[in-house]
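Consider the two complexes below, in which chain A is the common component and chain B and chain C are the respective partners.
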Partner chain A sequence: MSTTPTADMPVTEAGPAPARRRPRLPSRPRPARAGIAERRRARFAYWLIAPALAFMVLVHLIPTAAGTFLSFLDLNTFTFQRLFGAPWAGLDNYDSILFDASNPLHSGFTNAASNTAFYTAWTVGLTLLGGLAIALLLNRSFPGQRMVRTLMLTPWVVPSFVVAVLWQFMWQRDAGIVNKVLVDYTGVLGERPTWLLGENSMWAIIVPSIWRGIPFAMLIFLAGLQAIPRELHEAAAIDGAGPWQRFRHITLPLLRPLIAIQLLFGVIYSAYQFAIPYIMLGSNPGPSADLLMTLVMRQSFSNNLFGYGAAVSTLLMLAMLFWVLVWYRAFRRDLVEAAR
Partner chain B sequence: MNKILIAVIAVVVIAVGVWAVASAGGDEDGSGGNENAQVRLWVMNNGPDPVADTEEIIRPFEKKTGIDVKVQLVGWDVQFDRIRNAAASGEGPDVTQAGTTQVPFFAALDGFEDVSGRVGDIGGEDAYAPGVWQTTQVSGRDGVYAVPWFTEARAIYYRKDLLKKAGVDPETAFTDWDAFRSTLQKLKDSGAVDNKDTYAFGTPGKAAFDLVHHVMPFVWDAGGAELNDDATSSTIDSPEAQEGVRFIADLLPDGLYDPTALEKDGQQVEDSFKGGRLAVWIGGPWVLATVKRQDDDVWKPEVRKNVGVAPMPEGPSGEAYTFVGGSNLMMFKSSKNKDAAWELMKFLSQDKTQTAYADLMGMFPARLDPQEQAGQKDANYGSFYEAIQDGRTYAPIPQWGQVETAYKTRFGNILDMAAGHGEEDYSPDAVAAELEEAAKEANGLLAQDAG
Partner chain C sequence: MSAATRRRWTNWALNALTYGVLIVMMAPVLWLVASSMQTSGQLANGDYDLLQPTLQAFSDMWKSIDFERYLANSIVICTGAAALATAFASSAGYALARFRFRGDRAYGLTVIGTQLIPGSLFLLPVFLGFVWLKQNTPIALLDTHLGMILVYTAFFTPLSIYFMRAFFQAIPRELEEAAMVDGCTRFGAFVRVVIPNAAPGLLATFVYAFLFAWDELMFATALTEQDAETIPIGIRNFIGNYSEEYDQLMAAGVVSTIPVIVAFFATQRWLVKGLTAGAVKG
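Entry: the complex of A and B
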């Protein structure tokens, strides 16, 4: 609204119109006082962020773009040294991965993709459930509570490499402790199953992943549980709500933002899992435990098919972007509420 | 005052951190400081103490020439990537050890020196057996890209005491496939092995980097081959190849082969033979050298005393081929001390050094005369020498490493299937299907070109 003073501007109830005011462009909202001090502070803030931003662009954005570019090239034993100068292949890599049933690279991809989906669903699901259960158990004071909480954190502190090597020994059919406990000590199973080969090998990588992920989930949920005011539970109890109803209607909704965050990061982390299957089962974990990242590693670095590996990585990235969109639609209101 | 103190401490800490990182980077570079002819050598796991053993052999050379040799260990599990990256990036050591089957691939990367002008110093082609010399060549390219260092072949290790207990005469135990199988059967039936803590035979599965070297001899001995004669297409799905693969895989459902060996990698299965779990095992000559070494405590006493070696059994084709490999030395084009590096390679090729190193490692020298002498050490070494004479290796093409990886996957699947862990039941048709997939994948890899 124009407030350019003109001679015929009426005197308003608020007082006479100010004598001199700088002309204002009608449609641009400006902050009330965009003073020099604020602009200087803003610029200083940008300077502080600049190194981190440059690092992100250098280490994340540029390599991602370069990798996607590589997926359109024909890279093999003879051409991979030329890298970006290798012959153009267009969508051939994607075609042979997704649609060419006679190509062994296709069956390798569909197998690894379904394995990764299975692995991600079970790992994230059981990690969150386990973490929540343990957090509920630890959310009350009992003697030794602090020590138990500290001990529960130890699997998280162990590096992935060590976890994979340890469990590789534990899962061995004859010498491993898992079978000793299940068959010899407790007699739960009659026969010693083989864990590192065949269909069980998928569980051989799921269990250590859950084992390693539960402490972090437990920690987050514990913090969330302790932020729920006691009065809510007490009021509900007075009104006659049983423990399960209180859990369903008070605890769970208030934990939703935390569940949302952990789902997001858990799925992405599990989809990109590499260390545990690679170290436990080798560069070729077998058809039941081959994940997308071990497939990419094998085809890119053992077979020099870098274009194929780049294409699979790009497809996985697109799948994750899709997941983020789905997640955002499902949990958007939790984020908004948490931000308030 | 406090703020100034904190600021000073922060600056000092950052400066120290930067300096520490920079100097660590400088050391790895190898060119910082000591320009006085330093040669960097990469070795793989040759024996239980590879770096110390190699340095011991090189010490007289260092003293005589004043060249400082820095030996670095690069494990077999990572050496392929490391050497390829070093060749492609131009940043690496001066000389590296490489597997004989890898030379064509590395040479095709254009990162290695053609030493054909220098090999006259060490006697050239005539000083080596033809099969060994062939591993320095690349098909389709002139020149000599590597110098043979040591040779090894796979043969059969067996427990003399367990064979005696089973009533098997070692002289005839492994002469051909029928004898091999009946030996294993007798070991099981007589109770010499109990199939709980001890098994008749064991060899690793897909977790071993050298799985193909163990299975391919059976393919060869059945009359099959990994590729056709001019290395343009894969013949791994031929009936002979199928017969060869089935011979070894059939041992699993028949209870003659330790199924837990498939869970382990090559080193773990070697250790299980040394620990007394297996009566028969396929391995290389380096294990013989550790029999005498008291610092290798994986050996159980009764196993150490009863080790026997026999050449591979004759197959239906009448041949007893085995995989002969070993390692060669390759000089990087990016080396800044090529003359010094060549002096080192010359030294390692002298008959005396060849014998001393091979002795320490338990390998065979690559050169003709010392190789023959090494075979005369004792009966077990004699068996290995015999095996080397029947030795065979793969086509010297750059894509061999990738073809081997494809075969390794399929052989591994077949062994898993035979042990009952496959997605399908084990049957000759299933084996044929896996090998057809292997041939398809290999043909795709062979069809690669420079575009």
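Entry: the complex of A and C
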């Protein structure tokens, strides 16, 4: 993920990303200074984006601003009637979440935050690895290729609430098929683990998330693999490169933009995971599997701690913004490549 | 062993591995279907009789969950939201694909930026807005189909815009230029020439939005009470009331998956193209 050019990475010009759309045009002709025709075109474009823009402002932007405002209020059961007129708390919510070790909300937050980081890292990492491995397998020609490629997508189409219900059933200690396979049929484990309570419950939500995510990662990687010209591999093979070297120096660099985009959205999507722990383990999944989203929803809607919930949400959004910046620094070069 | 034999063996082993992986990936889905066709007693003690499936759980579930209501709500809401999102995304995606205008970059970034906002941050204000509208105006959005359609439209328009942009970029500019030479207005060229050529993209975008709306739980939890509850809410309520009836739960899982599976596999060709084009173009 370093930004220093290496031999196996296509070197591109440094500096800010050039205009991505329509690179043939000079970089910034200001429409306002352009001719009447150009201005008319721009006006038409505004009409085209108007409906989507209106929805974005009404459902995303204004409510998000309002939500951020609520995070500075002391909004709880007693002040809820006054809503936006609740007492101003300044940074108190943030202070107690981040620094007040005596406040149970602080430990609840740090626990859920580290759980979320753990969940996200394992889910995204293994989803991408698994997706890539399966894509490589399916990129060969073999009997039934089309059918297998299609069927492999099935887990991704199963809704996540169904995934949660199904795996909750499969994780049951006595009747669940997982323990039956691991303990009764194969004897991999000596005694039956409890999956839905305690330490294991984190894995009880990670494994189904990976299972559901892999087909999508595979789909994207497979499209990327198919776009790699066969001649590259053939030429490298003639020059004596083995399969691993070809993978390392041809396939992987060419897949980098796809890895980048999936990392970006995978991390955001996982950090905001709610349905799987909530349906599988209930509104309080317990200290081992409580994610930030389940924490926020529980504290807000069960305990009416809306100011607190809004503050945690805002912190999470800031964390994701930070992630996007880190990501951008690491992969800027690949975006330039992909836009060509 | 000669090189050719070894290559044949490797090939064979990789084929076997491929099918092995497929079986592992499909196993939970098959288990869902198999379990839905057994009695709850069989699920509890594990002696499945796959040769004698029963559909009892389906009819029980239909009654105890009142599944029909949730199913109808989900279909209405998700179809409405997917249609609106596709319409808005195609016009906005067309603008981003073809036109330069002041703020185009900022708009494109904000659209993607909405994906960074945790739902929990704007859920309460949206809820409060709906309550306010209900109390002060005749506009009924709280716990109505319309309210859920509007919210989901907003949710799934942003990424749809990027899908549609990728599809429009693949359509040659000459097409609408020719139409305008022939006397079409700009809008006429868009509607009569560009849109029909982007039909696979529209379909892919529609199915994408439908799939994701079908899966949405957090906002449905807060914004519905009775009339507009969707399937995920029905499942959650069922777990709360009859947590031991796994046969019915599995049956409900199967029925909730069928519509999206059918929609997905019927449009798979275009959807895959849309999803991968969107991702590759970023």
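Some points to look at:
Definition applied: the second predicted complex is superposed on the first by the 305 of 340 C-alpha atoms of A that agree within 3 Å, B and C clash if a C-alpha of one lies under 4 Å from a C-alpha of the other, contacts with A are read in each partner's own complex, and residues count from 1 in each chain.
Just so we're on the same page, contacts are C-beta pairs under 8 Å (C-beta built on N, C-alpha and C of every residue); 3 or more make two chains touch, one makes a residue touch a chain.
Since we're looking at a predicted model, the values are computed, not measured.
Legend: residue contacts after superposition of the two complexes on their common chain; A:143 is shown touching chain C, with no touch to chain B. When chain B and chain C are set side by side, the one touching more residues of chain A is C. Once chain A of one complex is fitted onto chain A of the other, the partner contacts of A:246 are absent, as it touches neither chain B nor chain C.
In the superposed model, A:317 makes contact with chain C only, not with chain B. After overlaying the two complexes on the shared chain, residue contacts for A:301 are found with chain B and with chain C alike. Legend: residue contacts after superposition of the two complexes on their common chain; A:81 is shown touching chain B, with no touch to chain C.
Common to the chain B-facing and chain C-facing surfaces of chain A are residues 175, 301. Residues 11, 14-15, 17-19, 21-22, 25-26, 28-29, 31-32, 35, 43-46, 87-89, 91-92, 94-102, 104, 107, 110-111, 114-126, 128-129, 150-151, 153-155, 157-158, 161, 186-187, 190, 211, 214-215, 217-218, 221-222, 231-232, 235-236, 239, 246, 249-250, 252-253, 256-257, 260-261, 264-265, 268, 272, 275-276, 279-282 of chain C touch chain A in their complex. Residues of chain B that touch chain A in their complex: 80-81, 88, 105, 108-110, 205-207, 259-260, 262-265, 398-399, 401-402, 405-406, 408-409, 412-413, 416, 419-423, 437, 440-441, 444-445, 448-451. Remark: chain A residues 74, 76-79, 81, 86-87, 102-105, 171-175, 194, 196-200, 281-282, 284, 286-288, 298, 301-304 touch chain B in the complex. For chain A in complex with chain C, the touching residues are 21-22, 25, 29-32, 41-42, 44-46, 48-49, 51-53, 55-56, 58-64, 66-68, 70, 83, 134, 137-138, 140, 142-143, 148, 150-155, 157-162, 165-167, 169-170, 175, 177, 180, 211, 214-216, 219-220, 223-224, 227, 257-258, 261-262, 265, 268, 272, 274-275, 278-279, 293, 296-297, 300-301, 306, 309-310, 312-314, 316-317, 320-321, 324, 335, 338-339.
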